């Protein structure tokens, strides 16, 4: 018998436990969403999605992600470059600070921006005097989203960059490449899948954030409602089919995200099997 | 181009990686930096390349201080221990990289680049891997690609970090002969790091033996092998037997046996350590002309050019001796046989301060 | 740059990348979080203390940390099993399962909350069975734990999985050749190696669970002292215009999480130090 | 350091960051009004806004869009305090608008005197919703404290509607126990003992009752109760009117500080006044809010059950006092839960 595996009975038992747990916690909710989304038929489903408020919510969600994700991407690349390629004091501290937003409750995340930009907040009077809208407008929603998705790209990139070491960059420099060229021609291609992976996860989280955005949104219909907030509103209007229809869009997005991720991983794995 | 380093110091925290190292590499020379791991040889190589920074001292390229010269302007070709090939580029793109990143005015045309790469691939005899990715190549092939990539930019100096370190014994032998031939044709000043004394002895014009951040000895392979300046160099460059003894009247007294030591003149009896290479013993079936040490054969390995014999002397020492096949046949050595050992020569001896 | 602050390197862009990192970190995370402390300082120390030690606050903390801990434990066990099964066994649909592990990360929390409530409410697909067994699914600490388990699962699986994949097969073969049975091998050889990763994963899941709002709020039931989680209490305070109180509770939460996370990190550092990073 | 590096980075950040701030916070083109309201008024204002925009178009020829924001009443008030630029607020409690006046100074503290009827153009009350056939025969408040009766009501700490529920129960108890405060407290405590889930908002409670099938009776706004009965007619919910309830006066107000910034004062004023017109009153009545205007009251008399209604001012001495006594931290409501 192979020394690295277990008797068939135990193996089956483990697979059974894992799949059972998995089915209960992941698959069933997934089915549930679509079951309810289509509970009133295709027509209601499509109508729910074509509603102007739903469309506006989708647009807002996309815009938010389009701003938040690139900013976090730039940050993620910069942070991982500094942390993975250099050896400096306080690196571990910086690492845990970057992870900080993961352990801050989304409600607190929303709250802190209200404390700063709200009318009663630190910058509130000044912003009001200059007629700049942050809270209850797009910038506030984007800020809250950036906060909760803050470490997503960096977390993906740091281990990738670390595992690759500095030798390829050094080789490029000895071959006469400038720092900028080295970065673009050697470093970036080497982390491109990590970047993509980070973008995908960051995007999924950005589009799905509820708690933090809920605090700063103002819930103006068709204007500051993101898709997850729209789901909540529909749900509270007893339109559960429509709510789940909107939710299903987010679920589909999640699934697309996961498919993309799996494909990326397959590509990476193929690249490593020599 | 010649390279000179003067009084280089390099610390990693408390650890002294390089401690006051000075060295001159002549133009067109092939020089080996030899030493155990942690001896500072790789640090020195990286400092010369400009990949690392020294804390004090100077690096001079053709007499010019290179402190303000960036890596990319130094004109060094560096071959990394693990090759550091760009994993997302084909072999062709890897070799062409150095040419492609040159500033636009001096950058060769696409046609020129193609010619150059093809020429280099021919040189390393790997024309057929041009479109492959690094992960599709064997270690030896990657090594040669890395070399070709470094050569593409016509470096003034070639720096190799353990170039054959992670290769099979066979490939390693082939590649080092190839390197020697290549150097004989190109005469690029080359500095390479190795921990393998055989490799250094076989390939290099001169060898720099390093230990604990210092240079122990610089010299031709013959020089460092035959005239080691200290026990470390001696030990590092090959197997050696050593005895505690007293030297007196041209003889080494081990226990109650006095061995004749050729070419040794001692005024006063002294305690000493005696270092003898395996091939510096003479074995005979009976006590020879001079005084000799009686020993018993414990083990014989006749496979190889030389026959390796392990002996246990009456005085307790264990000896590793190498004799020719011819001697072996004449002596008709068998296990447990008693033989007499005398000295043909001594590699090195040093006096020991006796406590008494 | 201070000498000795950074190990000198020929790679470019250190000041720029670190500078930008710190700038962005400060702008988005540190300065806003500092506002919390400034705001709560308008309360005196005594008042701050009385807010965070009020019965209701303590109950909410207990609930938030308790259910987060329970879900982290569930995930530690089942997440490890899922990771193990995914790495070691082959079965039909494995790739789909592998891909879906990240589903909770990608699913908006509000949707997760509504869906889980749907499932675990007494009328739901799962809730009705639990009801027969006399277990209250939704609107109980059980329901909260379910939601938090859902949220935390990917963190555990995704940190344990790569370590299991990288495990040198020779270690297990060596153990087997030395006469260890399979269970001994798993317990004495494999578990200690994956333990630091498991701890990291569980800590992440735990941290995420403490602050979770969107998915919990629907399923919790929100009974004061019973099923009212700390983030909800913050919301409640906010809606009573009690900013200082809200920030005080938030700070209490943050501080407790930090202490727990720091302890976990330290413990992880200890265990991984003993393993040595080979 | 490579300067290009820095340049590109900074440019990228500026472009993306700038884009976010340049995006308009309010709809452009034409006049827009933001009405920040509470949860159960969605249907009311959907209909009312349509009627008002038509009216305004006809009257002035100008197109106007009314934007709606709904949420828990307290949460909405907080949003306005924090800078949500509402032109008008239409909230569940005068107390919440008081809070805006007090905390932000956006409107004067005597705002309630600026419109007729305490600035409450429509009223409502609290009724019970029971399941088909009223199996437990719930008729009045005292049926709710019986053991085994499960009552659904939201959390008074977070929901405006829930406070009305609470106060109605309290009012009933006071009357039945001859104003004995201690007995009233016991009564309300017993009632909340029968509450299995405290949702954070009125809508959440309804969902719990209707979709999750939890509880035997739902305490709800009258208009919500009708909505439930109509929306889920298949399930046969029934409305039970208790013998006594509370007169809920959802208040409306103009947010001076914001309308003056937006230049929408006259529009906002017209909007609120339109609520008092026969058209506005009719829409309120159609949405099961009790109208004020006599003719409309008459017309819809059959729709609203006769219930003895107490007022908050008479029984509780106004919102400020009620809030302080009952719902503030360590108020009566907290004490009810902290005992045992």
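Each chain gets a letter, A, B, C and D, in the order it is written, and its residues are counted from 1.
To be clear about the criterion, a contact is a pair of C-beta atoms (placed from the backbone, for glycine too) under 8 Å apart; a residue touches a chain by one contact, two chains touch by 3 or more.
In this text the structure is predicted, and so the values were computed from the model without any measurement.
Q: Treat touching chains as neighbours and tell me the shortest step distance from chain B to chain D.
A: 2
Q: What is the chain whose Cα centroid lies farthest from the Cα centroid of chain C?
A: B
Q: If you count the C-beta pairs in contact for each pair of chains, which pair comes out on top?
A: A-C
Q: How many angstrom lie between the CA centroids of chain B and chain C, rounded to a whole number?
A: That pair's centroid distance is 54 Å.
Q: Counting only Cα atoms for the centres, state how far chain A is from chain D in Å.
A: 35
Q: How big is the gap, in whole Å, between where the Cα atoms of chain A centre and where those of chain C centre?
A: 16
Q: Can you list every residue of chain C that touches 2 or more other chains, as numbers and ranges?
A: Those would be 10, 12-13, 16, 20, 118, 235, 238.
Q: Check each residue of chain B and list the ones that touch at least two other chains.
A: Within chain B, residues 50-51, 70-71 contact more than one other chain.
Q: Can you pull out the residues of chain A that are in contact with at least two other chains?
A: Residues 71, 74, 78, 120-121, 170, 173, 178-180, 183, 235 of chain A each touch two or more of the other chains.
Q: Where do chains touch, given as pairs?
A: Chain pairs that touch: A-B, A-C, A-D, B-C, C-D.
Q: Under the touch definition given earlier, write down the residues of chain A that touch chain B in their complex.
A: Residues of chain A touching chain B: 167-168, 170-178, 181, 185-186, 189-190, 192, 271-274.
Q: If we count contacts the way the header does, which residues on chain B are in touch with chain A in the complex?
A: 49-51, 70-74, 76-78, 80, 82, 84-89, 97-98, 101-102, 135-136, 149-150, 152-153
Q: Mind listing the chain B positions that touch chain C in their complex?
A: The touching residues are 50-53, 70-71.
Q: Using the touch rule from the top, collect the residues of chain D that touch chain C in their complex.
A: Touching chain C: residues 1-2, 5-6, 9, 72, 74-75, 77-78, 81, 99, 103, 155, 157-158, 195-200, 204, 208, 211-214, 327-330, 334, 337-338 of chain D.
Q: Which of the residues in chain C end up touching chain D in this complex?
A: Result: residues 12-13, 15-16, 20, 54-56, 117-118, 121-124, 138-139, 217-218, 221-225, 228, 232, 235-236, 238-242, 245 of chain C touch chain D.
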